[in-house]
Amino acid sequence: MTPLPSLLLEPLVRAALAEDLGPAGDATSRAVIPPGLRYAARLNTRAPGTVSGMQVAAMAFRLLDPALEVRTLRPDGSQVSAGETLMQIEGDAAAILSAERVALNFAGRLSGIATLTAAFVAATAGANARITCTRKTTPGLRLVEKQAVLDGGGSPHRYGLSDAILIKDNHIAAAGGIIPVLRAARAQAGHMRRVEIEVDTLDQLETVLATGGADVVLLDNMDTDTLARAVARVNGALVTEASGNMRLERIAEVTATGVDYISVGALTHSAPVLDLGLDF
Amino acid sequence: MTPLPSLLLEPLVRAALAEDLGPAGDATSRAVIPPGLRYAARLNTRAPGTVSGMQVAAMAFRLLDPALEVRTLRPDGSQVSAGETLMQIEGDAAAILSAERVALNFAGRLSGIATLTAAFVAATAGANARITCTRKTTPGLRLVEKQAVLDGGGSPHRYGLSDAILIKDNHIAAAGGIIPVLRAARAQAGHMRRVEIEVDTLDQLETVLATGGADVVLLDNMDTDTLARAVARVNGALVTEASGNMRLERIAEVTATGVDYISVGALTHSAPVLDLGLDF
Amino acid sequence: MTPLPSLLLEPLVRAALAEDLGPAGDATSRAVIPPGLRYAARLNTRAPGTVSGMQVAAMAFRLLDPALEVRTLRPDGSQVSAGETLMQIEGDAAAILSAERVALNFAGRLSGIATLTAAFVAATAGANARITCTRKTTPGLRLVEKQAVLDGGGSPHRYGLSDAILIKDNHIAAAGGIIPVLRAARAQAGHMRRVEIEVDTLDQLETVLATGGADVVLLDNMDTDTLARAVARVNGALVTEASGNMRLERIAEVTATGVDYISVGALTHSAPVLDLGLDF
Amino acid sequence: MTPLPSLLLEPLVRAALAEDLGPAGDATSRAVIPPGLRYAARLNTRAPGTVSGMQVAAMAFRLLDPALEVRTLRPDGSQVSAGETLMQIEGDAAAILSAERVALNFAGRLSGIATLTAAFVAATAGANARITCTRKTTPGLRLVEKQAVLDGGGSPHRYGLSDAILIKDNHIAAAGGIIPVLRAARAQAGHMRRVEIEVDTLDQLETVLATGGADVVLLDNMDTDTLARAVARVNGALVTEASGNMRLERIAEVTATGVDYISVGALTHSAPVLDLGLDF
Amino acid sequence: MTPLPSLLLEPLVRAALAEDLGPAGDATSRAVIPPGLRYAARLNTRAPGTVSGMQVAAMAFRLLDPALEVRTLRPDGSQVSAGETLMQIEGDAAAILSAERVALNFAGRLSGIATLTAAFVAATAGANARITCTRKTTPGLRLVEKQAVLDGGGSPHRYGLSDAILIKDNHIAAAGGIIPVLRAARAQAGHMRRVEIEVDTLDQLETVLATGGADVVLLDNMDTDTLARAVARVNGALVTEASGNMRLERIAEVTATGVDYISVGALTHSAPVLDLGLDF
Amino acid sequence: MTPLPSLLLEPLVRAALAEDLGPAGDATSRAVIPPGLRYAARLNTRAPGTVSGMQVAAMAFRLLDPALEVRTLRPDGSQVSAGETLMQIEGDAAAILSAERVALNFAGRLSGIATLTAAFVAATAGANARITCTRKTTPGLRLVEKQAVLDGGGSPHRYGLSDAILIKDNHIAAAGGIIPVLRAARAQAGHMRRVEIEVDTLDQLETVLATGGADVVLLDNMDTDTLARAVARVNGALVTEASGNMRLERIAEVTATGVDYISVGALTHSAPVLDLGLDF
C-alpha cells in the first residue's frame, strides 16, 4: 500500500513535538549538550512484534531538524524480533535527544497496536474471517491507529461518523424500529455509502433480512452458538461482522462460525506498547 | 484542586469531535434520528475504578450542542463501583448520539489511567513513597493524561522538556561525564527549575553527591537491594526517584526502601481502558 | 434531516468573516455608524429558487455579534419566489452591516447550487434516476456545497478521496487493467467502503461484470444510446451512474435509460448565484 | 507583477488538499497504484481562455509530494486556445492522481474568472474605463480570485472592509445623510485610505460634490444616460465607478460614458469554470 | 468609533492566555486557592495617562472564565490620573488571579502607547498636523497597537504592506528612479489605494511633483528648515507626511512647518508601559 | 547554548509576516520591483548594544523566500558597536524588501531587551547577584523575549504559570495565610517544581522560614536596608530574589546586599528598541 501523505501526518507530529518541547524547548539538551556535537543513534526493539509508526517516527526526527539523516531499516508492517534495529538516525546530538521521546511514544504505541492486531489475525489461522477495529481509538490519533491496524494485517472499518452508516440499538429505538430505520438510512445514504445495522438477536436478524436496505449486519454480543446460527441464516445475503467481548482466546471459535469480519475495540483502546528504545 | 481552565481543554475536545464527525458529520444520526427528538442518557460504569475525564466528557457533549443539559454526578477522582451513574445528559437525541463515542473514548481512557494509578498508590500502603508518571504519554493527550494520574492519587512530574532539567545517561555521555554535566545544568537552570540526574550505579551516585548541583536523583533500573542502599546513602540529601521495571507486584518492596518517588511509565502508556457505557 | 453541527461550520464562517473584515475591521462602519444604533434588516430574494445557506448566514451574523437576533423564516431546502423574506436580523446596525456581505456571499452561492440542482431534479420528472454531484467543488467549501446539493433535492456522492473507492481510467491504466485493479481495490476496501469503477465502453463493462468486486459502475461520457444499452446490460447487477456532458436539456433522455444516478459537475463548479439582498 | 508570496497561498492550498484527501487519504490510489510507479502528466486546456491559478496548482502538486517535478508552460495571465498544455508534472503516479482534482478545481475556477474578466476588458476596446471586481467573492478564496481578475486584465478594488472606506446607501441612511457621513469618514480615514461614496441619483451626486471629502464616487444602478450625465457632471473632480447590472453586452455603451471604472460582481460570483483536464 | 469586533481580538487574547497558562495551567492557583472562593478586584492606575486595552483586558478575564463579571469604568481613550479604577472584576478568585498578568500585560503596554501618543498630540497644540504611527509595531500586536494610537488621539496610517502603496528609497533605486516607479505604482494601484512616495531632498520633491501619480509625499529625515521649504513647495498639491527623528521635543517646531502628518515609530516600538495594578 | 528549535519559532515568524503582508501581499514591491531583480542587503547597527533576534530575523527572510541566502555574522548574544553588519542577505529584491520590516521589528525589539539586560548585568559588576526577568512580557512573544534576556546575560525565570509555583500576596490572602499556603503548595508541587513565596516584611520572612516548604523567597518592594537584613536573615537557607522598583541606578546597592537574583520587569516591558537598519 502507498504510504500516507506527509500532509496528513505532519500536523499531528508537529503538535506532538510542540507538546513535549513545551513552551521553551528542551532545557536539558540546550544546557548540557555541546553545540554541534554529532551522534548516531539506533531505534531498537526490546521485544518481538509487528512494526508500525516508522513513517511517523522518522518525521518526528526530521521535523525537529531537517538535517538529521534518518534511515528506516524495517518498514511499517514488518514482523521483528527483540534486539532488531528499526531505524538509524545520525546528526546533531541535541536534536536527536529532543525528538527521541516523541518518536518512541508514537512508534511504541502504534507498534503495540500492530502487534496485538497481528496476534488476532494469527488466531484466525487463514480462515475467512478478517480482523478489524472500531471507533474506540485515542482522540486525535485515529489516522495512525487505524493505519497500525492495517500494518498488523487487519482490515479497515469506517473512519468516523460521516463515511458510512452504522445503525446501533439506540438509533433503532429512537427511529421507531428496524423497518423505519433501514428505510430512512437507505434513502439518505446515497450510492457510495454502505449501511450496516446492529442486531442482538436472531429475531432482529430476520427483520433486517426481510426489510432489506442493509449491506452489512453487525452481530453484537452474541455467544458463539447464536453467532454461528446467525451467520448460517444470513448465508451470504449480507456481509457479517461479529463484535462484543472478542477476546484473543475466543477468536478461533468465532472464526469457525464463518463470520466475515470480527471487530475488536481492544486493538486500539487497550493494546500495551511495544518496548522500543533509542541506543547511542 | 481547582479544575483545569476550559481554554486549555477546549481545543483538544473540539479536535476530537471533528475527527470523529469526519468531514461531513454524523451520517447515521442525520439520516435516521427524527429532528427534535429528546433523550435522557446516563454515562454508567461497567467495572469498578477511579474516575477521570468527566470534565472533558461533559465538554464534548456541550461543544457538540450547547443546549444539552449535562450533570456530573461523580467528579474526577471519585472511586466508583460497577454500575454507577457518573453523568446524566439530556437533550437532543442526535447530538447525544453524535458526541457519545468521543466522550466515552476520553473518559474510558483517562479513567483507565486513574484506576491503574490508584492501584499503584494503594500498593504503597501509606508509606512515604509517592507514585508519579513519565513523559511516556499519548501524543496530544499529555495534559489530560497527567491530570488522570493526579485524579488517581499520583503526584506530578515535569510536564515536558522545558519545565525542569532531567539529565539522562545519554546526556551524561554527550557532555563528558557527571561533573561537567551537572555544572552546565546548574549554570543554565536558573533559580526556578529543578535539576534531576539519572544514575544507574552506586558509583555514579557518589559522584553526583560529591559534585552537587542536583535537586533530585533518578535511581534507574536498580534491583531492590541496590535501590535500598542508594536511598540509604542519599539519606535525605537529595530527593530520590526510582524508575525502571516498576511492576505493580514490586511496589511494596520498592516502597520499603524509603524512596521518595516511584515513576511508572505504564500508567500512561499501557493502562487498559475502564469499561464505561452510555445507556438511554 | 438533522442540521449540520455548528462545530463543523463555525471555522468556515469565522474564516470568511475574518477575510472580509480584513486585518483592521470594517473601516466604514466604524467611522460612520453611530455606536449603539439599532437596525432591523431582512434578507430578501430578488429571484425565485431553492434556498440553501440559511444556517451559515445566520451563523455569520451571530458570530460577528452574539447579541443580534436572527430569525430564519424559510429554512434550507425551501422553494421560494422573488421578493420573499428569508431571514430577519435585528440589532446593532454596524454589526449587521459588517456581516452582510459574508452572509450574502454564502447564501447566494449556496442557493445558486440548490436552485440548479432542483432544476436537474425536476428534469428527472419522478423517474428512478437521482441527481448527484462530484468532487468539482470550490476549494474549502465542499461541506456546504454538498449540503446545498441535498437542499436542492440531490443525492450525496462520496465526500472526498478517503470515504469510498472510485477507480478512474488513469487508475486502470496505472494498475494494469480492470481485472487487477478491481482485485486490488476489493482487497483493500474493507467491508464499509463501496467500490465504483469508471467504464467508457461496453467492452469494459463486460470485463467489470465478469470480474466482480465493484458495487457501482460509472458510465462515463457515453452517448444516450450506448448508455441505454449499458444500463440494460447491467440489469440491476450493479448500481449505475452516468456522468460526462450532463446538460440540463439532456437529463430527460438520460433519465429514460433507467440509469440510477446522474452526476453533474456543473452543480458545484458553475452554478450562477441566486440574487439575494439585505434590505433595511 | 511579482507573484504572490507562497506564505500567503500555502495555507489555502494545504487546506484544500486536506479537504479532498479526507481524514484517511486517497483510498483508491493507495489501494490500486503500485508503489513507486512514475508518471508524466499534462495539464491541458479543453477550451480557449485566459489562464489563472497556475501558481496555486503547481503548489498543490508540490505540497502533496515535494519530489514531483512541476513545470509551468503558460504562466498566469496567458491567453490560450483549446488543447494547449499549461503545465507538465512528472513523478510518483499516486501523488499526481491524489493532487489532480484540487489542482484542477483551483485552476479551472480561477481561469474561469480570468477568462470572463478578459471578455469584459475586451469589451472596453481600449477606452479609458477599467474593469474591476467587488467583494462578491467566494468565501475563503478572495486572495486568489482577486488575483484572477488581475490575471484577466482587470484592475484591483479594495480587498475587504478594512483597507478603504466605501459608503453605501445603508451607511448614509444610518449616519443621517451624505454631509455627516462624508465628514465622519474623512475624519477617521487618515491620509492613506481612500473614501468612496455610492450615489443613486444626480441630486445625491451634487451633494457629494458640494460636500467634499470623497476621492471616488460609485454611480450605482444608473441607466446609461444618467450615468453619462453623472460622469460629465463630475468632470474629473472625482474618480468615477459604475456598478449594478453590468452585463457584458452593456459594457461598450457604459465605456462610452467616459466612466473610469466598471465594477462587475459576476466576475467572481458567477463565472463558469474554464474546462481543463489532466492527461497522462 | 465603534469598537473592534471580538472576532478579530479573540484569537490574540486566547493565544496570550494559553502562553501564560503554559501547557498545564496555573499551578499556583490550582494548588493554593480554595475552589469556589469568590473575589472582587479592581484594575487601578498607578500613574496618569491615556487608557487603551480595556476591551482586550476585559476579554482576557471573560475568556478564562465566562462567569466573571467585568465592568469597565473608564473606556479606551479616557485620560486618567494615578489611583483611578479602570475596571472591576468579580467572581472566582482562581480565575481572576490566572488572567491577571495577561490582562495587565495588554493594558499596560497599550495604555503606554496611548499615553505617549497623547503627549505627541498635545505637542501639536491644535495645529493642522496630525500624529500617526508606522509599521514599527510589535510582531503580532499590530491591530491593538494601531488602535492604541487612535485611543491616544493619533491618526491611522496604512495597516500593512497590502492596503496602500508606500515607495521608499530602496524601491526607487530598484525601479530605476522616481519617474518609472511612480508610473508603475499608479498603473497597479487601482482606484482605491493611495500612493505615497518618500523623498529625502527638495530635488526629489520636484521630480515627484512634476511626475504626478502620488497622493502623499513622505518628507524623510529632513531638518526643520528643509521640511518647511518642502511643505511650502508642495503647497497643498499633495498630502505631506514628515518622518525621521521625530522626538517629542521637536514636535512643536515640526508642527509649525504646516506639515499635514507626523509619523513617529517610537509610539509603538519604544513606549514605556503605563503602570497598572490589580488590587483585591 | 544550543539554539531554539525552528519548530517553536516558525509559527511566530510566519504569523508576523502574514500580519505585515496583509491579506493581499506587498502591493508596493509587487507593483514597482522588476521581477527577478537581485539584491544584496546588510542588516546594520545604528547604535551599540547586545544582539538578539538574529535567528528570528534570518527565519523571516527564509520563510518569505527559501531561495534567499542569509548569513549571520554576529550571532545572538554578541556585543556590537554602531555601524556593524550583523547579517547579509542576498537574493530576490522584492522578497528582501517584503521581509525587511518584520525582520527589523523582531531584531530591534529583541536586541533592545538584550541590551538593557546587559546594562543591568554590568551593574552587578561580577557580584553574586544574577539579573532575571518576569512574566511582564509582550503577549505572544514570551519565548523570544525570555531568550533575549538570556542573550543579554540574564538568567531564566519560570516561563509561565504552569512550570513553577510562585505564591504572591493575593494567594496568601486567599489561602488564609503563609502557613496553609505553603503546605498546600508543597503538597501539590511534586518533586520537580520549585516553590517560591513573596514576602513584603521581615515578619513574613520569619514565618516562611519557620514553616518550610519554600525553595525561593521573593523579597518584594523592600528598601535596600530591609533587603540587606532579609538576605542576612535567610543566610543561604533559601534562594533569595529581590523585585520591585529595580532601576538601573539602584542595582549596585541591591547587589551589595548579597541577594541571589534581581528580577526586573522593565527588561521586557519597557526596553527601547536597538536602532537597526537594512542597507542595500
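Labels A, B, C, D, E and F are assigned to the chains in the order they are written; within every chain, residues are numbered from 1.
One rule holds in what follows: a contact is a pair of C-beta atoms (placed from the backbone, for glycine too) under 8 Å apart; a residue touches a chain by one contact, two chains touch by 3 or more.
Nothing here was measured: the structure is a model prediction, and the numbers come from that model.
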| item | value |
| --- | --- |
| Fraction-based call for subunit D against subunit A, same above half, different below | different |
| Whole-Å gap separating subunit B and subunit F, where each centre is the average of the chain's CA atoms | 32 |
| Rounded Å distance, subunit B centre to subunit C centre (Cα mean) | 44 |
| Computed distance of Cα centres, subunit D from subunit C, in Å | 22 |
| Residues of subunit F touching at least two other chains | 1, 19, 21-26, 29-31, 33, 98, 142, 156, 159-160, 162-164, 166, 188-189, 193 |
| Touch-based graph of the chains, sorted into line, ring, star, complete or other | complete |
| In the complex with subunit D, residue positions of subunit E that touch it | 1, 130, 132, 155-159, 162-164, 166, 188-194, 196, 216, 239, 241, 260-261 |
| Touching residues (chain side subunit A, partner subunit F) in the complex | 14, 17-18, 21-26, 29-31, 33, 35, 63-65, 94-95, 98 |
| Residue ranges of subunit C in contact with subunit D within the complex | 12-13, 15-16, 19-34, 37, 39, 93, 97-98, 101-102, 104-106, 108-109, 112, 135-142, 159-168, 170-171, 173-175, 181, 184-185, 187-189, 193, 269-270, 272-273, 280 |
| For the subunit E and subunit C complex, residues of the former touching the latter | 1-5, 7-8, 142-143, 146, 159-160, 163 |
| Subunit E residues within the subunit A interface of the complex | 19, 22-23 |
